[in-house]
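By letter and in written order, the chains are A, B, C, D and E; residue numbering begins at 1 in each of them.
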Amino acid sequence: MTGLPLAPMARMAGRRLLYAVPVLLAVTFGVFAIAAASPFDPVKAYAGTAGFSASQEALDQLRDSLGADDPFVTRWWDWLTGVVTGDLGESTSMRQPVADVIGERIGWTVLLCAVAFAVAIVAGTLLGVLAARRRGGLLDRAVTSVAYALEAAPPFWLGLLAVWLFALQLDALPAGGLTDTGTDVVSFGQVAEHVLLPASVLAVSQMPWFVLYVRQGVGDALDEDPVRGARSRGLAERTVLLGHALRSGLLPVLTLIGTRVPELITGALLIETVFSWPGIAAATVEAATSVDFPLLAALTVLATAAVLLGNLLSDLLYGLADPRVGFDG
Amino acid sequence: SNPDADDDSGGSGGDGATAVIGVSTEPDTLSPLLGYGKDGNSKLFDGLLARTADMELRPALARALPEITDDGTTYTYKLRDGVTFSDGEPFTAADVVFTYETILDPGTNNPSKGDLEAVDSVEAEGDDTVVFRLKYPYAAFAERTVLPIAPEHAAGKGDVNTGPFNTEPIGTGPYVLDNWRKGEKLTFSANPGYWGGKPKVAKLTMAVIADDDIRATRLRSGDLDGAILPPNLAKTFAEDDDKQTVAATTFDHRAVTLPTDNPVTGDLAIRRALDVAVDRDAMVDKLLEGRGKAAYGPVPTDSEWFAQGTERPYDTARAEKILDDAGWRAGDGGIREKDGQRASFTLYYPSGDKLRQEHALAFAGDAKKVGIEAKVESGTWEVIEPRMGEDAVLAGGGSPADPDFDLYPMLNSELAGQGFNNMASYENPDVDTALAEGRESGDKAERKRAYDKVQQELTENPGYIFLTHIDHIYVVADTWRGLTTQVEPHEHGFGSGPWWNVESWQPAP
Amino acid sequence: MPADSPPPLRLRAITAGYDRRVPVVRGVSLTLAPGEATGLLGPSGCGKSTLARVAALLHRPDAGEVLLDGEPVRGWRHRAPREQRTAFGVVFQQPRLAADPRLTLSALIGEPLRATGRRAEAQDRTGELAALVGLTPDLLARRPHEVSDGQLQRACLARALALRPRILVCDEMTAMLDASTTAALVAAVEDYRRASGAALLAVGHDRTLLERWCDRTVAWDELAPEAKPAPSG
Amino acid sequence: MAETPQAAAKPGAPDGPQDATRWRTRGTGRKSVRTLRVRTSAAVVALAVLAVLVVPPLVQLDQQAVDIGNKLAPPSLSHLFGTDDVGRDVLLRCVYGLRVSLLVGVVAALVATVVGTAVGALAGALGGHVDRAVMRLVDVFASVPHLLLGIFIVALFQPGVWPVVASVGLTHWVSTCRIVRAEVLSLRGRPFVDAAVSGGASRTRVAVRHLVPGVLPQAGLAAVLMVPHAIWHESALSFLGLGLPPHQASLGAMVQGARGALLAGDWWPTLFPGLFIIIPTLAVAGLAGAWRERLNPRRRSELTL
Amino acid sequence: MTDRTQNPERTDGTADAGTGAAPLLTLDRMSVRFRMRRGRYVAAVTDVSLALAPGECVALVGESGCGKSVLASALLGLLPENAETAGTAHLGELELLGAAEAELARRVRGRRVGLIPQSPAAHLTPVRTVRSQLQEVARELTGTRGKAALRAAAEEAAARAAFPADHLDRYPHELSGGLAQRAATALALVGGPPLLLADEPTTGLDRDLVERTVDELRRQVDDGHGLLMITHDLAAAERIADRVAVMYAGRIVELAAADAFFGAPGPRHPYARGLLDALPERGFTPIPGLPPELGALPPGCAFAPRCAHATDACAAVPALASGVACHHPVPAGTAPPHEPHRRHGPADAGEKQVPTQRTDKPGPPQRPESVDAR
């Protein structure tokens, strides 16, 4: 009858959109500032190995032509005014317009992250519920121990292990790339097969938080009166777990959806490198260390947008999931 | 930019072999104007000259080796006829002039334009002759003209620094670019109209795999046909029947800089003691799994430029004697002292470089045995660079083409402390003189004498402790015959490895 | 108590609710005379608890005025000065929800004292209050889920009395309790009121009880002429 | 919940109503297992702390002692955990590495948890405009990719423990903050908060006494997860070439640096530091789990240490 | 306290129900205790024996904290982990106290035994609307499928419990106390269980609603369902119950037919009399003394410390004999404390409860001198 409380949700989304502007300004300014303060030298980075033997004159010329001596505020302002007119600038480290750099790669990163995140959330929630069902039981102990252990395992390390196991020992999945090395044809089947391993590794590296928070939330909820009430009504164990305990214990999990986005990006950054995935995250480190301001700014904006969206999504979801919280943020 | 835009690769499966090669980095650009392929073997392009397996220059787009006149200041190249770019346009002298002039243009962000510093002017004389005039006689100049030639009609359009030519190159080379999916791979197919004949390997893929271990694993899983690997991983393929290991000898050295301004590393006795205290053979054996050579200078022992007799055997007793004689006496914790100065210095290596870390640790271990402490620290180049004047650095480098390329910037006192040139601020007037002689003389014997002198001086006053020359190791599937390598420089990009001449590979019978 | 002193609590034309468009309480006025016990009867769901929360400065009304000792109240909840908030002792309708599950009963009872910086008294006063409401010592160390609802309600009453409020608001305080306990707690409240002269607003459904307990019992519809009929009829 | 009841868990206690009564409980009597686990965890943590505090100053061995002639020696009596690829003793480096990694992990986790809980509780408890403003500020922190900030911080200073700690601590409080805030938002409308307000509690008091205890389990979980996470974060930085210098052996970097050796079949330089990360992590998690159970008012009465 | 040598008298069983049918629920010396720290125990329910026939309603009354709710929870296996049980509780063939969790969950709760929990607001899942919880129960217990059918089922259940339909889409925290109570009742009625345990089903309800609820429950009983109604609302108990069980400190101390209990001759146990006397329409005087500590019960009769009639005999636990467990029961036939009460039935449904006339307005109840129990 009532459906979703669309009006307050829309108001919240609108408010967030307004706030996004100062947040984006602050973040990009901050990134320009720290990048400028960092000892990385755009000229050396541009020159790469050639820089070691380059003559001072050549370097000076390069410095001049890259505008590397301009104060960062100027560069930020230039970038900003450029962006307003639709010009994202040109990436010095990729020798390409920023729009091209991003356009070519962003889709694959989104695909990887989306699949991984979905898997992490669904599988993490399921495992967490199963573990919480019998706290202290064998399954619980196994799942929690593995979760903690995984949290200590860096994604690139998991990636290596996964490649070793699935590509080498079992020969079940391709070890990297977007398509088979021998072909350039991007077909659905190829991509689906190739995304499986990197996405799983990324998902597994994200899973511990979901598993443990679901376990904690559901476990606590199981001890409380509402679950007692649900049990007394004769609901099936599954309904009690999913419909009551999980629903009550879901709040932190929904919050995680927002807060794990930065971790997801960090993870993607490493996973893309390990699996030769042609996405954008791997370019972040290069953009940062070569102080490629236009690219760095664009990537930061993307990351910020992802984070803000994730947070908005989780805030909306927990307004829906817990009516006591509401859509006030 | 659509990833699946060009797909003419499907048909090539039938009419030719394919090769998939794992490389660790991808190029920033494929435009020669910004430095791609400047040392030759660029696959997509040709230079005026090219190198043979023995690093001899041979004609490529030029019909013959250049004619050198005016006391070595004028180089005249006659161009090959009938060469076309892969888009069908003919190759002319104008393209050569365009290429060199664009690189030298101050607006072009080509960091290695210093290589062409000697060039005064480039002129076309007719369609098939190009004349380079130099500011000063430069014996090694011909070596620079392996630089790839870009077509004026294609590369001249758009911004040279960020234009589309960077990612969609057109050249005269044996291969054309099919597709470049950044971060994943580059695929090439054989250029059917290649002036040198269509290559047997019809399709060439360079898969970008940054991590050594992953590269090794993918090679093992059959995903790759060949890859460059560090020695310890290459070793794991030794027993593999369908893999061959190809080791390229190199000029790629690892050395510890001993800054002159540091009271410890600047001390001659310390330098000489360290020079004989390091167990180079053990390093080759253990760190490189035997894939390399002990280094006594930038020039490897098997180079024709090596000054015979300058090898220094490992001799801790001698090192201790040198130190004792110089007044460095054992002090606290086994570290020597002299006039209140502890024989201790800091040794940086660039963080993340495992091989250098191992060299640094091994060096420190050896130094400790004779009572000298090298405190190993790591840092990014940004951290290291300002400290190079006082602290030792585990440096690397090496370029096989000509001894001048290495020795001059490394040892010339004029370049002391300038960027990464002469990192140890080495100052030795005799060396300076010899370097100038070697650089300017056109006579090979004369040059050899000069460089011998330099190497001799290094034994007397080692400003760097050279440790090893590192072989570059490639593991390749056994489906190919007659793989060779060139002598490789420190940097090994696309043009190195057994695939330096992939265009002439023959499939195994 | 001087007769001309202003009423300790006066609600004037209060409109309150949880959605401005459909207020639950409309135009309700109610005055508590000094020392007087007022019983409030009304059908379930009509807004009694809401009104009680407004009166205790816990819920901001949409319109209308609350006068405390003749002074209009300007802020609600934390915006109200502490003296105003603590002038009320509130016993909530549902003890299970009104008790922090993490506190033992003795902490629960002593909490207002600690919160207002009277930590020193807390220990003694807790014991006193517990005895007053008939909580045996073994219960004091337990947490809410380890005691029965009635026992918890006793603790909540003790908590409400901890700061010696001038006005007691008891929202269905005895609904959970058996007759004997009801009588005992009412006696405890009355003892307290006799000693302190506090006014009382007792919300309930039991006319007999309220009439027996209070000086005056009002029905909900008497308070707000225009109030719509209670949703549950 | 027990699936099967257990008959007569205990004979009637002397003060029970009937000595001869046969009592059954629906609990599974897992308490003893739990107690054992908590004790083991405590022992492991104590051992780790002891190792970290006592061994390095006591042993005075040079963990950097390089002996390339003896590289990748398998575990033996002279090197219990074998040697790594430049011949350093793995056991000794594990102990030193534990020191650095625990320092990085624990300090970063503390920073993240304390800052996150404080800010989250503040925003959640105050609500309204304060909440919005604070949370947007938090968004700013959350938006700079963690590793990026880490790279900048580490590059800005020399690689070392404190930059790494800062780079982990400064970014990771955000998730704790949001988790705490969400939970506080949900808690602060509960009737027991009304009761506290009416009892004269100030905003801070409400937050500290009623809201924060309610979110401590969540915050505590984040804290525990942060320890191994910080360890991996450090190793991710070393993966990118920005980790700790070699004289500060860190477990994460040891594991990640020994990948090649593992592929070549030499497992010890990977396995032992890996275990040195995982076992203390599990022990800390075990203790923290017990602590969280103690926070849970419904489980508290059952748990004894 | 070990003098319980005689067989515990089989309490009067189903005779009163007048149906002669096999009992629906039979409790035999059922006990529940809680394990506390330091090896101490709280004896919440002790040796309760009781039978409940189909079509019968037993009202369980007693002082707050005497163990009523624990008894109900125990029957559904919903006790916390530190609880231990003894004795038996048979629901037909099934022994409830020892039954497996799966058995209880799948076949007993909601289907054969319904529970209206005390503190209903706390027992609703806070993050879901009343409607969704009602529909869920309907789907699981009655197998109703389809959107429309579920809606109808939910609305019907709500109507039975007098829960207003326009409040169905609210979340539990948006309900008033009375609304939550009705929601809980509606939820328990959905499955139509043969045995209903109603723990204070009328708290927070006004008189009209109490009557509607009680009548609805009575209708269930008249349809042959059994009802164990735990209540403090003696008027409601009187209106609905066939028999009254009075519990004190975990034991049933009196078990009597409702008319006899509320009318003549009235309760026989001193505690029960005190309870009735405490009603506001009667004396409004609490029973003196503090409620007993269940963790440290005195040997013998737990009520003795507060009992005016206590003698040395009370040092032994009195057995429940002919409906009362007391060494000095008020003899049957003593004048009832007050005027006769009405029985339930449609005839008097509309009749308003007439409060005890009060000749003069009495002051607030005086706190009696407490009898020091310690």
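Keep in mind that, in the parts below, a contact is a pair of C-beta atoms (placed from the backbone, for glycine too) under 8 Å apart; a residue touches a chain by one contact, two chains touch by 3 or more.
Here the structure is a predicted model, which is why all the values come from computation and not from measurement.
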**Asked** Which chains make contact with chain A and with chain C at once?
**Response** D, E
**Asked** Stepping chain to touching chain, what's the minimum from chain C to chain E?
**Response** 1
**Asked** When the contacting C-beta pairs are counted for B-D and for A-D, which pair yields the higher total?
**Response** A-D
**Item:** Chain whose mean Cα position lies farthest from chain B
**Value:** E
**Whole-Å gap separating chain A and chain B, where each centre is the average of the chain's CA atoms** = 38
**Request:** State, to the nearest whole Å, the distance from the C-alpha centre of chain C to the C-alpha centre of chain D.
**Result:** 45
**Request:** Please work out the Cα centroid separation of chain B and chain E, and write it as a whole number of Å.
**Result:** 91
**Asked** Between chain D and chain E, what is the gap in Å from one C-alpha centre to the other?
**Response** 48
**Asked** Mind pulling the chain C residues that touch 2 or more other chains?
**Response** 94, 96-97, 145-146
**Item:** Residues of chain E touching at least two other chains
**Value:** 80, 102, 119, 122, 173-174, 296
**Asked** Do you know which chain D residues sit against two or more other chains?
**Response** 1, 155, 189-190, 239-240, 259, 263, 298, 301
**Request:** Could you pull out which chain D residues touch chain A in their complex?
**Result:** 1, 30, 33-34, 127-128, 131-132, 135-136, 139-140, 142-149, 151-152, 155-156, 171, 174-175, 178-179, 182-183, 185-186, 189-190, 217-218, 221, 224-225, 228-229, 231-232, 235-236, 239-240, 252, 255-256, 259, 263, 277-278, 281-282, 285, 289, 292, 296, 298-299
**Message:** Which stretch or stretches of chain E touch chain C in the complex?
**Reply:** 34, 42, 61-65, 68-70, 80, 118-119, 121-122, 162-164, 166-167, 174-182, 200, 203-210, 232, 234, 274-276, 278-281, 284-287, 290-296, 353, 355-356, 358, 362, 364-368
**Prompt:** Of all residues in chain D, which touch chain C in the complex?
**Reply:** 190-192, 194-203, 205-206, 209-210, 213-214, 295, 297-298, 300-301
**Message:** Considering only the defined contacts, which chain E positions touch chain D in the complex?
**Reply:** 1-2, 4, 31, 33, 35-37, 39-41, 43, 46-47, 77, 79-87, 97-102, 173, 296-297
**Sites on chain D touched by chain B in the complex** = 64-69, 71, 85-88, 155, 158-159, 238-243, 245-247, 257, 259-261, 263-265
